[in-house]
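Quick one: the structure is below, and I'll ask about it shortly.
Every chain is named by a letter (A, B, C, D, E and F) in the order it is written, and numbering of its residues begins at 1.
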Amino acid sequence: MALLHTVNKSPFEKNALESCIRLALKGSSILLMEDGVYGAVKGTAKSSLVAGAKGKIAVYVLGPDLDARGVSKDKLIDGVKVVDYGGFVDLVAQHSATQAWL
Amino acid sequence: MKFGILVNEGPYTHQASDSAYQFTKAALAKGHTIDRVFFYHDGVNNGTRFTTPPTDDRNLVNLWGGLAKEHNIDMVVCVAAAQRRGICDADEAKRHGKDGNNLADGFRISGLGQLIELGIQADRLVVFGD
Amino acid sequence: MSDEGGTIKKFMYVNRKAPYGTIYALESLEVVLIGAAFDQDVSLAFVDDGVYQLVKGQNTKGVGMKNFSPTYNALGDYDVNKIYVEKESLDARGLTVDDLLPLKYEDEDDDWAEKDSICVISSAELAKLFDQQDVVFSF
Amino acid sequence: MKFGILVNEGPYTHQASDSAYQFTKAALAKGHTIDRVFFYHDGVNNGTRFTTPPTDDRNLVNLWGGLAKEHNIDMVVCVAAAQRRGICDADEAKRHGKDGNNLADGFRISGLGQLIELGIQADRLVVFGD
Amino acid sequence: MSDEGGTIKKFMYVNRKAPYGTIYALESLEVVLIGAAFDQDVSLAFVDDGVYQLVKGQNTKGVGMKNFSPTYNALGDYDVNKIYVEKESLDARGLTVDDLLPLKYEDEDDDWAEKDSICVISSAELAKLFDQQDVVFSF
Amino acid sequence: MALLHTVNKSPFEKNALESCIRLALKGSSILLMEDGVYGAVKGTAKSSLVAGAKGKIAVYVLGPDLDARGVSKDKLIDGVKVVDYGGFVDLVAQHSATQAWL
């Protein structure tokens, strides 16, 4: 059993994603949601955060939040998986606890 | 599974309330139960019936209230946080000498112990905030 | 609606926050639309995550929120046509002007030709522009 | 000089309201005038009389109201922002079919035009937010 | 006050925000104090700007706000004595444990000796600690 | 006449100070207030922001906010000036306009 981390802040505006990755144990998962979804985009000044964590942590992104912000799925960093709210529920159930990086 | 939900921000200002609502609906649709939704910090502002959002926008107070009614969910507004922010029911209004109250249908005011209890009883606690 | 005896001030609205995660983008736009009736010299700047407000293709059906991005298209009709986007902010986010809404206005002084409202400028140019303002709104 | 003040956040949750209050007091002490304090976004939550902060803490709603009375300051709560957040006076309550209202003494509800007007008329506009 | 039939869960309160600028630090502390009555296995973590909450010498007279930092001293009396501070966060802010409140508790299992509640640990250790929790509160 | 910029966010948590310095014209001023005062402290991972801006921009910090947070004045970066709320008012009056970096 491992933790599910949720990050809802843009990595350009706040340090939440950076801190989450620093403190997420290998084998845990991160769900990027709300303004956090910008962290899942490739070719940005912050892409290295998620790209660098990939071997150690499974990274998910909330599809409805991508759509709201006009981020098309072909812009996502390779290996990032898109889930809907039902998938979010499943992730919470599958992990031992959820830690929100607010 | 039994889920507990903590909402730390008011409606509209932050997406937290929307995300929590969508999550709660999805959890119910998957057959999970929602032990309680606890509203803390500015989250207490989800529980005022004086809200009148634009007609072409969602009404989050009513959405939460409707969900509570339909699925018999306990929705608790933290009393200490509510006092700081001007949310009260008839009892609270009387206790503090207020000439009215604004708590919406489907919500009740109670203490932080209800949040701790939720953490103990629920299989998972999910926090939505800023 | 301007009863200020001809006072014209330079108003700058600075947008630095992403849409939807918080309400600042939406409620800032509401101020701009009301303010457009006052005949001031209005500019908008989109900096940092504010540039995300102008990204095209927004679809909020899944989050249950109101999609307010079409409203930016109306700015030209309100004579709000000086829209500055910081190049450094676009670059950091892997965006170009082609990712943004194609905001247009009709130029009254040039045979009503349709022109682009968005002007991508550097930090250095934007700093000079900020310095010339009488009032800077940030939300 | 004539100052205009814009407050974008509610009391307690963010320091913005405190900072704006301290600034306003200091400006008055220096002989400046305050043209208007405009409350926008969650700032409208500064204008509810249902607030009951802990007795050992400051009461920001009353502090603002007192300052308005003492120095005859126009304090305006934005109507659109107030509707989204459940702040209303008697007129607004009637218009939207609410069974009560919560606007505090010293505040009035009006439109965003009052903010633009403030920007035009004041020598300086100072913004306090999150 | 625990009527849960002996369920003991690991509760972690994560504090990542500075005091006074926002209310999260104060209202988080209020949850910890109420929660202390429930006989759970409680830990607090101070990470990022959360470490500023514990800085000593706070004086709020000038800002007109309530100084709640003395309340941290009471945590030991409530049997809340596992207080973890991330070393990397202290280092980045030029702080050491000497800049923090000297939080103490009386150890019931060791002749009531007075001990330090604060434990400075690395990111790697804190990550392991987070992973063992049943409930993680963040505000 | 030049702008007064106000920054009320910690430079460790948010990008406001960094963006302000990038977009502040030479000859303008910055007032660090609320959680922004942490940006005025020397010997931190973010001290270089203010230290690097000093030749170009005058940097002020709000004393009451320093006191609230237990930051003693001998920890400030050289050249940063401490003001109280009255000094804040004077700064607003002395500059052509105020820009808040929220």
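Just so we're on the same page, a contact is a pair of C-beta atoms (placed from the backbone, for glycine too) under 8 Å apart; a residue touches a chain by one contact, two chains touch by 3 or more.
None of these values were measured; they are calculated from a predicted model.
Asker: Chains touching chain B and chain E alike, please list them.
Answerer: A, D
Asker: Can you list the clusters of touching chains once chain F is excluded?
Answerer: Groups left after taking chain F out of consideration (others unmoved): just one piece.
Asker: Would you mind checking the shortest number of contact hops between chain A and chain B?
Answerer: 1
Asker: Is it true that over half of the residue numbers where chain B touches chain D are used by both copies, so same, or is it different?
Answerer: Answer same: the two copies use largely identical residue numbers here.
Asker: Centroid of chain B to centroid of chain D, CA atoms only: how many Å?
Answerer: 26
Asker: Distance from the CA centroid of chain A to that of chain E, rounded to the nearest Å?
Answerer: The separation of the two C-alpha centroids amounts to 27 Å.
Asker: Chain F: which residues touch two or more other chains?
Answerer: In chain F, the residues touching two or more other chains are 8, 12-13, 15, 34-35, 64, 84, 97-98, 100, 102.
Asker: Residues of chain E that contact two or more other chains, please.
Answerer: 20-23, 48, 63, 65, 135-136, 138-139
Asker: Give me the residues of chain B that touch two or more other chains.
Answerer: In chain B, the residues touching two or more other chains are 8, 12-13, 15, 19, 22, 41, 54, 80, 84, 125, 127, 129-130.
Asker: Every pair of chains that touch: which are they?
Answerer: According to the stated criterion, the contacting chain pairs are A-B, A-C, A-E, A-F, B-C, B-D, B-E, C-D, C-F, D-E, D-F, E-F.
Asker: Which of the residues in chain C come into contact with chain B in the complex?
Answerer: Residues in contact with chain B: 20-23, 63-66.
Asker: Tell me, which parts of chain D touch chain E in their complex?
Answerer: 12-15, 18-19, 21-22, 54, 56-58, 130
Asker: Sort out for me which residues of chain F touch chain D in the complex.
Answerer: That would be residues 6, 8, 33-35, 64, 84-86, 88-90, 92-93, 97-98, 100, 102 of chain F.
Asker: Note which residues of chain E are touching chain A in the complex, please.
Answerer: Touching chain A from chain E are residues 14, 16, 47-48, 86, 88, 123, 126-128, 130-131, 133-136, 138-139.
Asker: Over in the complex, which chain E residues touch chain B? Could you list them?
Answerer: Within the complex, chain E touches chain B at residues 1-2, 4, 7, 9, 11, 23-24, 27, 30-31, 34-35, 37-38, 40, 135-139.
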